[in-house]
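Before I ask anything, let me first share the structure, which is written out below as structure tokens.
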Amino acid sequence: MKLDTNATGVYAIAPTPFLDGGAIDWDSVDRMTDFYFECGCNGFTVLGVLGEAPKLDAEEALAVASRVIKRAGGKQIIVGVSAPGFAAMRSLARKVMDLGAAGVMIAPGAGLKTDDSIAAYFRNAVEAVGSDVPWVLQDYPFSTGVTMTSKLVKQVVTEHPSLAIIKHEDWPGLDKITQLRAWEKDGSMRKVSILVGNNGLFLDFELDRGVDGANTGYAFPDMLVDTVKLSKAGKRDEAHDLFDAHLPLLRYDHQPGVGLAVRKYVLQRRGVLKTAVMRKPAPAFTAESRADVDYLLARLARRDQRASFKLAAE
Amino acid sequence: MKLDTNATGVYAIAPTPFLDGGAIDWDSVDRMTDFYFECGCNGFTVLGVLGEAPKLDAEEALAVASRVIKRAGGKQIIVGVSAPGFAAMRSLARKVMDLGAAGVMIAPGAGLKTDDSIAAYFRNAVEAVGSDVPWVLQDYPFSTGVTMTSKLVKQVVTEHPSLAIIKHEDWPGLDKITQLRAWEKDGSMRKVSILVGNNGLFLDFELDRGVDGANTGYAFPDMLVDTVKLSKAGKRDEAHDLFDAHLPLLRYDHQPGVGLAVRKYVLQRRGVLKTAVMRKPAPAFTAESRADVDYLLARLARRDQRASFKLAAE
Amino acid sequence: MKLDTNATGVYAIAPTPFLDGGAIDWDSVDRMTDFYFECGCNGFTVLGVLGEAPKLDAEEALAVASRVIKRAGGKQIIVGVSAPGFAAMRSLARKVMDLGAAGVMIAPGAGLKTDDSIAAYFRNAVEAVGSDVPWVLQDYPFSTGVTMTSKLVKQVVTEHPSLAIIKHEDWPGLDKITQLRAWEKDGSMRKVSILVGNNGLFLDFELDRGVDGANTGYAFPDMLVDTVKLSKAGKRDEAHDLFDAHLPLLRYDHQPGVGLAVRKYVLQRRGVLKTAVMRKPAPAFTAESRADVDYLLARLARRDQRASFKLAAE
Amino acid sequence: MKLDTNATGVYAIAPTPFLDGGAIDWDSVDRMTDFYFECGCNGFTVLGVLGEAPKLDAEEALAVASRVIKRAGGKQIIVGVSAPGFAAMRSLARKVMDLGAAGVMIAPGAGLKTDDSIAAYFRNAVEAVGSDVPWVLQDYPFSTGVTMTSKLVKQVVTEHPSLAIIKHEDWPGLDKITQLRAWEKDGSMRKVSILVGNNGLFLDFELDRGVDGANTGYAFPDMLVDTVKLSKAGKRDEAHDLFDAHLPLLRYDHQPGVGLAVRKYVLQRRGVLKTAVMRKPAPAFTAESRADVDYLLARLARRDQRASFKLAAE
């Protein structure tokens, strides 16, 4: 099933599991795939930056995508295909779409500097992956260094019928959501799906502004699922209560670099990953940081049962 | 009283209050000065980026520093003197020290690219302000674009006896604190004060790592004061409880650009500032954002009485 | 006499002369002022980056502008007023215009990232300096980090009748000139003056593309003047011949940082400046580099008499 | 034959030839390979940025390297293996070394910010490609955004016995060469080969400072070869004379983006490439720019016969 503009709920961003020594941990890949769907996700994304994609060679990247797509059994898998050139982007995109991916994710290339050159980049990218391939526009200036105004996002949405989802992770970004939704309402921009990223740091208020869900990697995707559900059901306070309970950990998890180590560690504690190993170059995950996370989990467990797994695990 | 390496507790970062139309609001300057000390701060900093310093001309900047120093009546005022050139830095530093400032704050100049050029920058800066003037090293890569390793911070601390305080706002930065404190302990770096910035987003764990306090602009400096006190008194859980209650608002307040608008608005709601006006160029502070803040304050009031002022004000 | 869109020929970019020890060398300021006009320049710019403007404090900056304007006796002096904030920009612009400056030069602020935010910047800047003050738009991405498309330049020209001159120093930039001149010809952009900067590294071909002259700091402004004249007189080959004779030195002079040291040294050799002193932070100007420049001058002297001064000086 | 620290003379940087439509032009690949050796080059580099490497997919990149290595018949081919991750770097490096490459070229990854992180990057890179593989350190801050002090270059040279060549293209960079050669002389750094890049814009003076040759892509590698020979033979003035004759074109060829179009066009005029086609995204190479290059070639032909091919070609 291909991505379309009706995407809603939660699409996780998946890490790539490794064994000690750095080989890909295929058992954990399978377990992780099952886990995301058990959590209530409607799909997930592999080979994003959080998937340590640049640390995989071309064969490994394809193998990960292939394994996950098969395991997902028809559920939606999105594959990150951002690359320094369009040839590699085309090559990966076509292969994973043949394997059954639901769509691809594309971020603007580093170093783009003007509205026109950003728009041109997406025209080249869509030509490369094929204009029939549904795609997710990753709008993440903190990571890419490329800032897009709401107006430019609208232009890109309008130029490319194959754009299905905006992965919104601009910061600050709340008023951008309000603007885009207003344009959809008054008919000046076609309706697309807006899912938020940036680890969900503003998911609570982004839902209030009308987004359709999240596409991010926080280690409790089940919390993200419930928060979206509560919000969509009109239970605003409950949505905020649940979100606020997780915010101390979510904020810790959101740190650049070490955040992925935190996430892998939590997924290991939850029994999803066998190890928390990252391939080089990896940030230090010190004993002190690990103790911080344990403390955060213990505090969280008082408000959300799902964090009490750790007691059982020990 | 000049700054020294024993600085502890909370030093706020102050905004510059304006009237509608953009003139400096001197009454609010006075009220704000009193407010910070009533909150339990040991001092505060003016003319930082959050003080909209680049929007003041040289005379205004000096007038603000002068007014605040007088009103503080001997308590410690730090003045931001970062400037595109050393002449302006020297000029402002010498004038405010003559007026009675406790010290100055210096960030590395934009565009510095190697460890050696950063170290050289601080040698030039200390020569400019005078090697007898106590100063705060602002280590804030997100804002300056300049990244300093722990090793380089140690070098700068060692080269400059007049460096009194590290304003630590690196991100991620917890292990950097642990490293610096370890070097102090084993004698390889002299003891200085470490106060944290970055809106206090990690104050809870930074205290666990051993910092002396905070030097930041969150609109509830009284919460920061209490959190530091609880932590220093060994009441770790209580410190985290108080901090976590504020985290949803603090995170909202931490957004680049619009964060200052939020902060001024909250200080207005608290009766400190007459208006929330920012000088141009100012980020939009939309009705939606204002409603978000009101909602956050209402939720916070359930856990911290200090946020219930808003009921009284209405 | 104020700047207008008819500006043509050469406007030099002036360094700020210092004595050993770093005090401003007022005799050299006067001599330099006379020199530029004797070379055939129609005016010159002070307090640009090449004028070490950030190393002057506010009083010094004003004093330099004042001295030069008086000495110029009614000829056109442009003053760089780029500053980190609009208050300082306003303050300096208004003061120098009162003193008799012909106009001001404004570059887009560092860190601007979208077409809309660049356009907004210039609206704020024009409001700050006053919409009656003629100005030079400095389009220099290498230095500012801000890239403007031709389309955006057209928009800024159209929005601001007070914009008199485009200081074109984009790289590559030849086709941008062709585009802007085409828009003037077909009426879609009003006619302005286009003067080139970037040390004149492409002046030969920029003249072929139709620019009106140069606004740059190469240490032989008399060569720039002659090259422009030859080109405007239709003597294309002669213009290129003269330019090519200087290109080895001009290229050497064009190096970031050390280029200004080279320029000051050549102006010293020409008897214009008493010293080649730069204020801190200054790049090293090594004995080897000085020998390189001497060698370049000796070679140049074989093709342009104006470089044989050095024999006389020794 | 593997690279070693005795590399001297000229190693060209090769473009990737394409046919109209964008397919790789294998005939031109062969002709180009022969051409570089006929010009007197001792080797050349493929799959650098100038080789449009990011526009090739993994299979194509390998095929280009393979074809060129075979054609070179034992002469030295260097392969650019810079990649966003170490897995791709390892994969490509090992494959091309198996095919018979003489060594690989590695630039520091984008975004590295401190001396320590740059040094760590090269440790990871050398581990990835294998510590027995000779490599070229590409020191090109303008392109990579990563600045290395002389001291740091020395450290990297010292840590990695497999580093054979420094491709020096820092700007300004003359004093860096003098420093490195001085350290070699006094024994504080082992002797390596220093070849210059940056299109050879300072080759004349870089030779005076003691470099061993060039590793760059200017479309007259035969001129580079002769200039190096003249300099090494002590004929300084003749070396400068030849270089200066080419400088107007070389400077034009040095423009970012369009420079590659110029280079391909000149190589087409010289009969080396069948077309000047670039793959997307390609800079515009306008009729005006083409006319500029024709004019430059005509002027050059008066001083260097090698540029008179164009008459024959017409």
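Letters are used for the chains, namely A, B, C and D, taken in the order the chains are written, and counting of residues starts over at 1 for each.
Note that in this section a residue touches a chain if its C-beta (ideal position, glycine included) is under 8 Å from a C-beta of that chain, and two chains touch if they have at least 3 such contacts.
Here the structure is a predicted model, which is why all the values come from computation and not from measurement.
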item	value
A-C against A-D, pair bridged by the larger set of C-beta contacts	A-D
Interface numbering overlap (same over half, different under half) for chain B and chain C	same
Cα-centroid distance, chain A relative to chain C, in whole angstrom	48
Between chain A and chain D, centroid-to-centroid distance (C-alpha), Å	39
Contact footprint of chain B on chain C as seen in their complex	53-60, 83-88, 90-91, 110, 120-121, 124, 127, 279-281
Chain B residues within the chain A interface of the complex	171-172, 174-175, 178, 201-202, 204-205, 208-209, 240, 244, 247-248, 251-252, 255-259, 283-284, 286, 288-289, 292, 299
Partner chain C, residues of chain A touching it in the complex	113-117, 141, 147-149, 151-152
